[in-house]
């Protein structure tokens, strides 16, 4: 192995170059675009885009809505996925099938997921049919209008939970598989209850997986867009849908970039928080 | 265990090599980009019926209005032209003409003279340059459609073809009172055309203009009145993109939309619905005629083919076929045959009633805003959202949004368009 | 069967239903046509099994071509992610080199950003480079999304293959490259194939970047996003259903590797 | 067939020195065991010979040719790995023929060779199976067969038996010795198991902390350890060491008075447990028994002498009780002396 010194660099060079071109360059461009505005005599540095963004009537709503979704959906998905992962450990027959069914939503786009739940939640949808049959409502009822913000939020939360719990589940199940059964058995021998086994043994050992899942889910939740558009339309602006509207409908790339910067800063901050809060000390690894 | 993986990968690689050479079988077809008749079912009708007898094979491609100038510009800069023919609204073609992206069509216009396109309509296609930049293609407008079940609730003495906004409100209120449901609907969803209602109907009807009186006292009164009307509007309206769906589903009984977006309801159940002009306000019956034109891109790969297609599309037979298929009406002299399907007949009658109303006040689509068209529309939608949906005081909102509108007009330098009085330089909000 | 076991099993069943019932309902919406969509109250059984809406949907011009563009972009994304990601993963797994930690960090950092947002400024560069509105451009953008996974997952795949296999190959007459091709690659192939399929799914489902970066050559998701909102509900449901089918199949194909992949990607 | 010469090979991983200037000569056809505790550098040395690791300085010669700069595939050697490294995606036959295929041998030759080594190692029934279907012992045979199939001049083995259970290890050891003796291959065998090294090797090189501390025939290593470390590492039970004061060139232990080879203040006396015989009181030194372990062939006694712990191998019929005080004495000529400070063996007159 004469050329070991150079080999790894040659191997990572293509991907590094790629990420530089398609990640770092647009990242810098986004920031630059966000902080530039057409002034007299071409583009000049300014915070005008941010001022327009902050002054827009949907901005506050978009921030609040985005955070509401993240704050509700992410913990909900984590609990749901933890429960499912724990249940899976006790499934003997048909584990493969159950696992497959539970991970199906992993492959479903948020656009499709939005449409799925739209079919259920429209005025003449299946939910109202069931509620009507139960006598809860009389006739079609609207859940997704601006007059029913709570129901709309709930609908989006449910759709998000339906679609994206699978990814948390997969990460957690993978993490659970790395935890030797003996640890739980040892705790069992020493008299731990099932709940104690879960909180004292499983949860701490799953910390790295939980961290990954939280980071990924949170970043993706900030990216949420098509599901909100299909269910809420303009009734439920979120940060990325606003970025999309500014770019696509309003054709104002600067304000769109400003939104993008906001989303990125929030995502990065959330990631850092998770990294610090869920740190595993090196001596415990 | 490695076998299936191997086979899978080699299959994928094989597939990839096949796909990397995408089919270019239709590459030679002339490309016709249109911002009209975009919904997939309509576009399908364009391909299957209207273009069926075209002189040469055509690739009909739809485009969101904001994306059209981006794409044309990209092709101009890249020097790689794919688009030959462009079909778009008057206001969407104007920035392209300004950009220098359109061929002049003076000869073609002269040749098509005998088709009987009214002179004032033909002249719109010159954008005041003295050269024909596009050939008028087809026209449409917006109208109202009501379920016959709603008719008994019509206020006493109201003529459905000469409705006022006050009567509309009374009508919807009566329905709400009797049925407990809000059965009036507007297409205020993300892809709906609600902004056109404000720009072409509500503002002219109440203020006689669009931009100049944007923040006038008349406008303030108008918004207050509209907020009152909205109390009778189905709350799902902010999700409606097309009114034909909620009309057919019975979610709403009375709806306003572009003719092409309600036509399906009329066609499917012509006996259930009536169509009629939009209401009138104190300053008249504002309405927005929609004129679509056909233009040939400069550097078009097949300019002659494009012109031949314009010729074909401007034939009376084709224009009638177009009207039958998608509900856009002829610009050339053509008599619609008596065997039109009943739904289309309803629409034709309503459109005729709109244009022919004594108090008709035509209001053009915004002109000269280029890429800022989206932001211009946003001003109206934001005002709507703030005043009507969030219940803010109209005065403060109008003052703020008025500044925003002025900024857009100043940046683009767009002069006023009808019904606002013509202006020197950028249109000014009073 | 004890009561506990019964509760447990019904819990499993409820969660399975939670995933499957919505899928069934959109399938109903997709086959029912306009009348079924507007009917009230809804029937939970298809009145008549007609595939007319779906076939009509698939016959709409643009659907097939955009499906083709989707597949094209997804295959490109898959190829790029693998071709770029596998060597980098191999380097991370087998060499201790200065900058390895930094490289890993850069790769991880891309996960801390909503990468799709970066499509916004890319429109400008892509127009200049002639990549705007091409499946290649979309494929490249999607590679930026999938590459971090490809790098980290292949690194862990290679880590799981004992170094001795490679050393044995060297001793018995292989060069570095032949040892990789004959011994390491065949062993990592199932995992790499799963990673590739995952990259495919990422690209297939991505809407935001695909919409922003294309005009005419829209991928299926982007096409549906732009036309569906202007289409009647039954067509929307048919579109959603069509989008879902391949994803479900792909997840079935990779289900065995999904967990191994993610478990190791944790690190 | 080839001779291996290791010339002042040194290996450092950053600041950590794994091997300090090791020199070694393995004769053509010789079986050399590299013996030492884990972390002593024996595997590193083997990997340097194989070319899997690059030495920091020094040279490796195989058959007189300097191979220091050659990649493994050009060194003409074969290797058996600790975890066998039998390729899981190839059948046993493909594994065994792998080296020959790589060298471009023709099919008939490969088939002949595979059949031959398969017969030698009794793996013919499994030739078409995949390694996943084999037991550990069978995989080990495949690994050896793969190495022998290319008829290497040099065979390197890295703890090939350590993953087998005790019984299988004993069986494979005998078999390996037979096969390798017949092949006459120059073999370097790394192990931390001293019985394996003793049983298999012509010579043993004992490594400790990156140095070769002794290289000798097995019996010499056992009898005359060069350092206190060798004595304690080779042999079971390990050699007993008693640190004793020196007075007038002698040490006194109970009623024994032995000549010390040094005049330093203290000296270490090394004596193996089986070289201590139980005698009548007054003739040896007192040994306070603490633990008695009957082993069948003998009884192992653990106890103390002048407060230092030693082990005595007593005949199997000897059954003292814990707490008894016995008297023992070393057999004539079976005492080693080590320097108390360095642990190095001291020359004795009565050798």
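The letters A, B, C and D name the chains in turn, as written, and every chain counts its residues from 1.
What we mean here is this: a contact is a pair of C-beta atoms (placed from the backbone, for glycine too) under 8 Å apart; a residue touches a chain by one contact, two chains touch by 3 or more.
Computed from a prediction, not measured in an experiment: that's the story for all the values here.
The most centrally placed chain, judged by C-alpha centroids, is C.
Counting C-beta pairs in contact across C-D and across A-C gives the higher total for A-C. Between the CA-based centres of chain A and chain D the separation comes to 58 Å, rounded to the whole angstrom. With centres taken as mean Cα positions, chain D sits 55 Å from chain C. Centre-to-centre, using mean CA coordinates, chain A is 16 Å away from chain C. Rounded to whole angstrom, the centroid-to-centroid distance between chain B and chain C, based on C-alpha atoms, equals 37 Å. Of all residues in chain C, those touching 2 or more other chains are 37-38, 186-187, 229, 233, listed in ascending order.
Chain B has residues 2, 64, 67, 70, 189-190, 241, 249 in contact with two or more other chains.
The multi-chain contact residues of chain A, meaning those touching 2 or more other chains, are 1, 124, 140, 229, 248. By the touch criterion given at the top, residues 1, 4-5, 7-9, 11-12, 14-16, 18-19, 22-23, 25-27, 29-30, 32-33, 84, 87, 90-91, 96, 98-112, 114-120, 122, 124-126, 128-129, 132-133, 139-140, 162, 170-171, 173-175, 177-178, 208-209, 212, 215-216, 219-220, 222-223, 225-226, 229-230, 240, 243-244, 247-248, 253, 256-257, 260, 263-264, 267-268, 271 of chain A touch chain C in their complex. For chain C in complex with chain B, the residues that touch the partner chain are 34, 37-38, 57, 59-63, 68-69, 71-72, 75-76, 78-79, 127-128, 130, 132-133, 135, 186-187, 189-190, 192-193, 196-197, 215-216, 226-227, 229-233, 235, 253. For chain C in complex with chain D, the touching residues are 162, 164-165, 167-175, 178, 183, 186-187. Those residues of chain B that touch chain C in the shared complex are 1-2, 4-6, 8-9, 12, 15-16, 19-20, 22-23, 33, 38-41, 43-44, 47, 60-64, 67, 70-71, 74, 77-78, 80, 82, 189-191, 241-242, 244-245, 248-250, 264. Taken in their complex, chain C has these residues touching chain A: 8, 11-12, 15-16, 18-20, 22-23, 25-26, 28-29, 37-42, 44, 80, 83-85, 87-88, 90-92, 94-95, 97, 99-100, 103, 106-107, 110-125, 140-141, 143-144, 147, 151, 176, 201, 204-208, 211-212, 221, 224-225, 228-229, 233, 236-237, 239-241, 243-244, 246-248, 250-252, 255, 258-267.
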